[in-house]
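Two complexes follow with chain A in common, the first pairing it with chain B and the second with chain C.
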Partner chain A sequence: MSDHEYTPTSKVGKWFNDRLPLLTLANHLTDYPTPKNLNYWWTFGGILTFCLITQIVTGLTLAMHYIAHADMAFESVEHIMRDVNYGWLIRYIHANGASMFFLAVYIHIFRSLFYGSYKSPREIIWIIGIIIYLLMMAAAFMGYVLPWGQMSFWGATVITNLFSAIPLVGEGIVTWLWGGYSVDNPTLTRFFTLHYLIPFLILGLVVLHIWALHVPGNNNPVGIDIKKPSKDTVPFHPYIVIKDGFALLMFMIVFAFFVFYSPNILGHADNYIEANPMVTPAHIVPEWYLLPFYAILRSVPDKLLGVVAMLSAILILAVLPWLDTSKIRSAVFRPLYKQFYWILVADVLILGYMGAMPAEGLYLLIARVATAYYFLHFLVILPVLGFKEKTLPIPLSITEPVLGGSTNLAMAKNKESLDK
Partner chain B sequence: MSDKKPERRDFLFTASYAVGAVGVAAVVWPLVDQMNPDASVKALASTEVDVSSVKPGNTITVLWRGKPVFIRRRTQEEISEARSVKMEDLIHPEKDEDRAKDPEWLVMLGVCTHLGCVPLNDKGDYDGWFCPCHGSHYDTSGRIRKGPAPLNMEVPKYEFVNDNTIKIG
Partner chain C sequence: MKNLIKLFSILVLFFFTVTQSQSAEKVDYLKTDWSFKGLFGKFDRGSLQRGYQVYTEVCASCHSMKYLSYRNLGEKGGPEFSQAEVKAIAASFEVIDGPNADGEMFERPAKLSDKFVMPYDNVKAAQAANGGAYPPDMSVLVKARGGGVDYIYSLLQGYEDAPSGMTLDEGVHYNKYMYGNKIRMSAPLSDDLIEYGDGTKATVEQMSKDVTTFLMWAAEPHLETRHQMGFKAIIYLIILTILVYFSMKKIWSRVESEV
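So, the complex of A and B:
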C-alpha cells in the first residue's frame, strides 16, 4: 500500500487527497491485484461483510422497539412480531442472519483449512479471524438471551455456569457475570449492552483482517506465491467485484428461503415460552452452530476438564499455523492431507450431530471418539504429516499449468532444464 | 541497559509507573464492581415458606434469590435408602444426617451443580433427581451419584420458625 502512487485527475480531488488520502485508498481497493484463479470458495469474505452489515442494520432497528427488562423483554419481542411495521421481517432477518453468518464463516474457515491460507505469511490474518469468530459466538449467544424465552434463560444459565468450573474464583465470577444469584434482570441488561457493542468491535477487526490481507495479498487455490501485479493477477474491480456479487446473490436466495419459508426451523420452539426460573426445558441444546463444541463439552465426564476441552477445541485453531508443519499450502498438492481434511470435516459434522442428541449410550461413545479424533488431527496428524507426506510438484505460476509459460521466466527455464 | 547503574531518572520512571498503575486500578475497580449484585438484590436475602400442606413423598419448589429451592417431605423408604449408602460410594461424600437434620425434610437448592439446570423430581437411577441437561443423577438425599456434576445439590441455611414454616436464608 505504501508504494502506491496515485494522483486524482480533478483539482478538488487532488486538493482533498493531499489532506486525507481517501481516494488513494479507494484506488488501491479497486486496483488491488487479485490472483486470477480464485474460485467461488473465495467469495465468502464479501458474503461475510454483507452478513455483518445486515446484522448491524437490522439490530439497530430492532433495538428501537426492544425493551431490555426481564418483565418486558419477551412481550416486547412479541410486540415487534405483531405490531411493529415489518417488525416480523426485520426480526426474522436478524435471527436467521445469525445462522447465515455462521454458515458463511464455517465455509470461510474450512476454505482456509483446505488451501492453507493460514500459513506464513498470513498468520496474523488468520488469528484476527479466530478472534472475530470468538466475538461472533459471544454476540450470538448474548443475542439469543435477549428474547427472554425458556431457551434464552437456560442457555444463559448453562453457558455462564461454565465459568464456575474455574477453581476457587469460579463461583465469584459467575455471580459477578449475573449481577445476582441467578440469571435475572441485571444479566439481561448487561447482555443487551454487550450484544450492541460486539458487532462494532467485529467491524473494527474486519478492517484489520482486510488490511492484513492486503499486505501479502490473497492466497489462491494453487497456494503458491505469485508476482503482483502480473499475468497471474486481475484487478479487484471489476473482476472480483462481479464474481463476489454473483455469489452474494446466490447466497441471498438461500438466506431469503429461510426468512420467508421456514423462519423458525433453525430455532427452538421452547423459546416462544417466556423464561421460567423454576423449570428447565426437558431437552436443552444450543443453536446449531455451537453444537460441535457442545458435544465436546459433554463428552468429557469431568466438569472442569469438559470446559477446558471445549475452549481448547476453539483456541487450538489460533496456533494452527505452527501446528501444520508442511510448507505446501494448498491441499491440491498434498494427497494425504486432503484425505485427513475430509475426515476432519466429517468429524466436525458428526460432533455437531452428537451435540444435538442426548448425551447417553452410543451417542456419547461416538461423541467421545470424535472429540479424541478432533484433537488428534491438530496435535498429532498435522505436525507429523508435514515431515512424512510426499507432496506433488507445485506449478511455478498460476498460468503455467494452462499456458505452459510462467511470469517468472528464470524459474520456468530452470524447471525446463530440470525436466530434461 | 543492564550494565548501566540505576539513576535518579530510573527511580522517577518506576515511581511514576507505580503511581499510574494505582490510579488506573482505582478507576477500573468501580467499573468492575458495579457488575456485582447490587443492594436491592442482596436485600432479598431470606424467604419464609409454609410447608403444612406438603404430604410425605411430595416436593414443593419455591423461589429464593431467583433460584428454585426444593423442599421435600421424604418417605421412610427414601430416608432409609439415603442413610444406608456407604460413604465410599459417593462422589462428594456427605452424610444424609448432615444434609437433613430433621430426616423427614430435605431442603436444598434445586440447582444442578454441573451447569445450573433444575433437576427433575423422582427421576434417575437413584430414585432422587435427574438433570435433563447433561444427565446427572442424584439420590434421595440430593447427592450426586452419576454424571458430570461434581458436587451434591447445595443445602442452604434454613430453620424451622415453627412446625409449619421454614425460613430459608
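So, the complex of A and C:
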C-alpha cells in the first residue's frame, strides 16, 4: 500500500472515509506508483480483468435462458441462438470469450516466465495466479459441457473418467462425480452449478492477486527493484489506465473478428450434434487451450501416471519460484535462460499441436519427447542454470540507461538493441 | 509500438496454427461462390426460397428441422416469403394439438408459431423407415459437419459408382465426400427432379447450392445481422483505438519514456 496519508477534502468525504476508507482505497488505486518502463506484455492483466467481467455478465444473461436438463439443454441453446433478442451475440461472446480469456492468460503467464515476475518477493501473487488458472480450466471445461452436444458429453466422460485412475477409491469417486453410473442429467446440473460458482471464486482470487501485487508493486522489463514513488514510476492513473485501455481496444478488435466473422472456428463441429450416449465421436478433442495438457496425459502409457503427469505439469508451476535458482529476474540479462525460454514456448506449442492429433506413430513419439523436455526444463535446466549461467550486469535503476555516462551504459545499449 | 507490432504478429501466427491444426484432415471439397461469406456476406434471397422448395419437396420426407418455426420463413434475413405465403405454407401442414375441452387431441392446420412438422414421430420410427440409419435433423446440420457448407454441397454431388474391389451392403451407397465413403442415403437429387417456381433450371448443382444456402440460413438465421453489426462494431473500435492512441501519446509525452 502507498505510504503517504490521504485525507478527503470534503467534510462528508472525511466523515465517510473515517468509517470505511473506500476513498483511501480509490486514491491508492489511482496513485499506485507503476514502473514507467512497462511494455505491452504488461497490459494483459487489465485485459484479463475485462475478460472475466465479460464472461460473468454474458454468463448471467445466458443463465436466464438456459435450461440445465439433459433433455432440454441443447434445445435451450438453440432457443438462445434463434429467439432470444441478441442471444446469438451473447452466446458467441461467451463462447469465444473463453478462448480469448485463455489466450490472454497464456500471454500473461509467459510474460511472467520471461521477466521472472514469479520470483521473490512475488511468489504469493504467482501462486494465486496458478490457482486462478486451475479454476479457469475447471470453469471452461464445465462450461463446454453445458450445451450438451456430442463433445460436451464425451469430453465430460473422458475427463471425469480420469479420476478412476486413483487406486482403490477411483471408481467410487467417478460415480460420486457423475451422480450416477454414467454422465447424465445429475452430472449436467452439478456442472452448471459449479460453472456458475467458479467465476465468483476467481473474482475473489483476482482481488487477492491484485492486493498481493500492490504490496511489492509491479515487476518491470529490467527486473530490478525500484524506489516508489520515484522518477522511475508513474501514477497508475492516467498513464497506465490509458495504455491498458489502448491495448484492450486492440484486443477487442481481434475478439470482435472472432465473434462476428468466425464464431465457430475455435469450437468443434460435433458439439452441434445433440449428446448421444450410444454414439462415440471419431476423435474426442478438448478445446485448444487444454491441448498441451491433453498431449501430456496421452503420452504416458499408464493411465494413473498419465494423470499424475498432467497434473504435475500444472502444479510444477506453483513451485517455480524455488526451482528457478537465479537471482536475476529478467531474461533480458540472462542470455542462456532466454534461449531456453523460447525453446519452452516452442515445446508447449508442439505439445498443443500433438494434443489435436491422434495419439499414434510419429505424433505420439514427438509428444513424448516434448513432454519429457517440459519437465526437464523445470526440474533440471532451471535449477542448474541459476548456478552456471553468466548473467549480464544489471543497471542500478530503470532510468539509468537514458541518463548516460554510467558504467552500465554499454550494457544498457546492448539491452536496447536486444529489444529491437 | 515495435513491441505492439511483434505482439500482434504473434497473435495472428498463433491463430493461424490453431485453425490449421483444427482443419488438419482436409478434403478437397467442391467450391462455389457463397454470397453469405465475407465481411458483408448476405444470403441470396432467391436461392433461399428455391432452397426451401428443395428442402420441402425432397429432404423433408426424411429429415426433420425441429428448431425452426414457420414464422422464421417470413423473418428478415431469411427467405423472406411474404406473410401470406408463409401462412399458406404453414396451413399446408397438419399438426396435432390439444387436449381440447373434452380431453381429446385433435388435428389442425399449422400456424406461424408452430415448429416445422417432423416427418417421423420419433427417432426409432425414422430409423425403422430408413434401414436403421437416422436421417439427422437439419436445423444446425451445416454447423455440425467439419467442412460446413462446402461439405454438404459436395456430398450432394458426390455420388459415384463404387471403385472396383469395394463391396457395398444392401442400401448403402458410395459417396466420395462422405466420411468412410459409405452412406445410407441414396442420391437425393437428379436433374429436373423438381420444377422451380421462378423458372431457374433445376440442375443437381443448382439444387445443391440452393438447399445448402437454405441450410446455412437455418443454422445461422441471424447471419446477416451478425455481419452488419460486426462491421459497425469493428469500425467503431478502430476509430476509438486511434483516438485513444493519440490521447495516450499526449499523456505520455509528459514523462520521458517511450510508449
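One rule holds in what follows: the second predicted complex is superposed on the first by the 400 of 420 C-alpha atoms of A that agree within 3 Å, B and C clash if a C-alpha of one lies under 4 Å from a C-alpha of the other, contacts with A are read in each partner's own complex, and residues count from 1 in each chain.
The criterion applied here is as follows: contacts are C-beta pairs under 8 Å (C-beta built on N, C-alpha and C of every residue); 3 or more make two chains touch, one makes a residue touch a chain.
It should be emphasised that the depicted structure is a prediction, and the values quoted were computed from it without experimental measurement.
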item: Three-chain arrangement built on chain A, chain B and chain C clash or fit; value: fit
item: First, second, both or neither for A:S182, with chain B first and chain C second; value: first
item: First (chain B), second (chain C), both or neither touched by A:Y40; value: second
item: Degrees between the directions from chain A toward chain B and toward chain C, using C-alpha centres, nearest 10; value: 70
item: Which of chain B and chain C A:A282 touches, first, second, both or neither; value: both
item: Which partner, chain B or chain C, touches more chain A residues; value: C
item: First, second, both or neither for A:F260, with chain B first and chain C second; value: second
item: Partner chain(s) touched by A:Y353 [first = chain B, second = chain C, both, neither]; value: second
item: First (chain B), second (chain C), both or neither touched by A:R82; value: second
item: Which of chain B and chain C A:V206 touches, first, second, both or neither; value: neither
item: Smallest separation of CA atoms, chain C relative to chain B, angstrom; value: 12
item: On chain A, the residue positions that both chain B and chain C contact, one per complex; value: 282
item: Residues of chain A that touch chain C when the two form their complex; value: 36-37, 39-41, 75, 78, 81-82, 88-89, 92, 103, 234, 238-239, 242-243, 245-247, 249-250, 252-254, 256-257, 259-261, 263-266, 268-270, 272-273, 282, 288, 349, 352-353, 356-357, 399, 402, 419-420
item: Of chain A, residues touching chain B in the complex; value: 154, 157-162, 164, 175-184, 186, 190, 277-284, 298, 300-304, 306, 358-360
item: In the complex with chain A, residue positions of chain B that touch it; value: 32, 35-38, 41, 61, 63, 65-68, 114-119, 131-135, 147-150
item: Residue ranges of chain C in contact with chain A within the complex; value: 2-4, 7-8, 11, 14, 17-19, 21-22, 24, 39, 67-68, 72, 136, 139-140, 143-146, 148, 179, 219-222, 226-227, 229-231, 233-234, 237-238, 240-241, 244-245, 247-248, 251-252, 255-257, 259
